[in-house]
Amino acid sequence: MIQGKVTGQVWSSRHLETLPKGALLEVEVAGNKIVAFDPLGCAPGENVLITTGSVAAGHFTEFKAPIDALIIGSIDDT
Amino acid sequence: MIQGKVTGQVWSSRHLETLPKGALLEVEVAGNKIVAFDPLGCAPGENVLITTGSVAAGHFTEFKAPIDALIIGSIDDT
Amino acid sequence: MIQGKVTGQVWSSRHLETLPKGALLEVEVAGNKIVAFDPLGCAPGENVLITTGSVAAGHFTEFKAPIDALIIGSIDDT
Amino acid sequence: MIQGKVTGQVWSSRHLETLPKGALLEVEVAGNKIVAFDPLGCAPGENVLITTGSVAAGHFTEFKAPIDALIIGSIDDT
Amino acid sequence: MIQGKVTGQVWSSRHLETLPKGALLEVEVAGNKIVAFDPLGCAPGENVLITTGSVAAGHFTEFKAPIDALIIGSIDDT
């Protein structure tokens, strides 16, 4: 998994019908920006743990979602 | 997922028969160019959201398509 | 597979219910940090072998775990 | 998918029995060289479109081929 | 697939039980080192062809092996 910091949200009015409802967050990972589906309700500035690839899509068990990056946890401050 | 900007289209007259009919768009992602299948009718200059790997191929449910990058949404201007 | 050195542990109190119980270790791999699930009880400073992607998730056979990086062995000192 | 230019061919006399018969072409992609299976009969200098990962292996439907890069089309000159 | 040169072997006495018996070779690929399972008996200095990801794990048909990099051929000298 990779760690990143939430930097914003991405909105897409015109999208595939199979895109799950929920937030698509922009996350900075080692200087690069990716977009991850957020089932946990994370906020900007939060450090999160992200899983990628077909493992991310496996979260959606009732239909085939075109999601290849998923926030699986909020990282505790230490 | 990754964000990119559509920069053009790629044409391939000689291709596998399993290549789905539709546009293959060239998209610039963080300085690199990839080619993604476009089921949404996007235009040059448009910012798009792309899913990759086997998740992209999962969009094609009636046959096995050799597609590993798929535009899943057009990103709203903000 | 990739080799890395364990540099710490990541804690996530708020996470998906499907996240397996066990340690999530921070591992440095060629200058980058990734987070891997550790079924072996490795310690900071230990050199480990990591498998990634859907192969990592395949370790969990009774449920679908959102794990895309798994420690599969501790590398012997030579 | 990624675009690349065919730069040569790779020969392997000693290989897994599951390696499909056919050409293994060396392709330059953004300065790096990868090796892709070529079902189309491409030639050195030709620009090709390549799909990678398990999607590439999905091309082989009668057996499990250890192929993670597949030429799916020859790119038209424009 | 990627080409690399065998540079050594990795030993892991403490490992998952699902790790297949056989050599885990260290291979240099474009300046980086990865570890690949070797079913062919390759030697240091040999140039090899490697497949990665779930395609590599697909080589093991009787059980689920946590292998994401597999040597599929020895590259002929030219």
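Going by the order they are written in, the chains are A, B, C, D and E; count residues from 1 in each one.
Convention: a contact is a pair of C-beta atoms (placed from the backbone, for glycine too) under 8 Å apart; a residue touches a chain by one contact, two chains touch by 3 or more.
What you see is a predicted model; the values in this text were computed from it and never measured.
Note on connectivity: the fewest chain-to-chain touch steps from chain A to chain D number 2. It takes 70 degrees of rotation, in steps of 5, to superpose the Cα atoms of chain C onto those of chain E. In terms of their C-alpha centroids, the spacing between chain B and chain C amounts to 32 Å.
The mean-CA centres of chain A and chain C are about 20 angstrom from one another, to the nearest whole unit. Within chain A, contacts with two or more other chains are made by residues 53-54, 56.
Taken pairwise by the contact criterion, the protein chains form one closed cycle in which every chain touches exactly two others.
Starting from chain A and moving next to chain C, the ring of contacting chains follows the order A, C, E, D, B.
By the touch criterion stated above, chain A contacts chain C in their complex at residues 1-3, 30, 39-40, 49, 51-56, 58-59, 61, 70, 72-76, 78.
Those residues of chain B lying in contact with chain D across their complex are 10-16, 18-19, 24, 26, 32-36, 53-54, 56-57, 64, 66-69.
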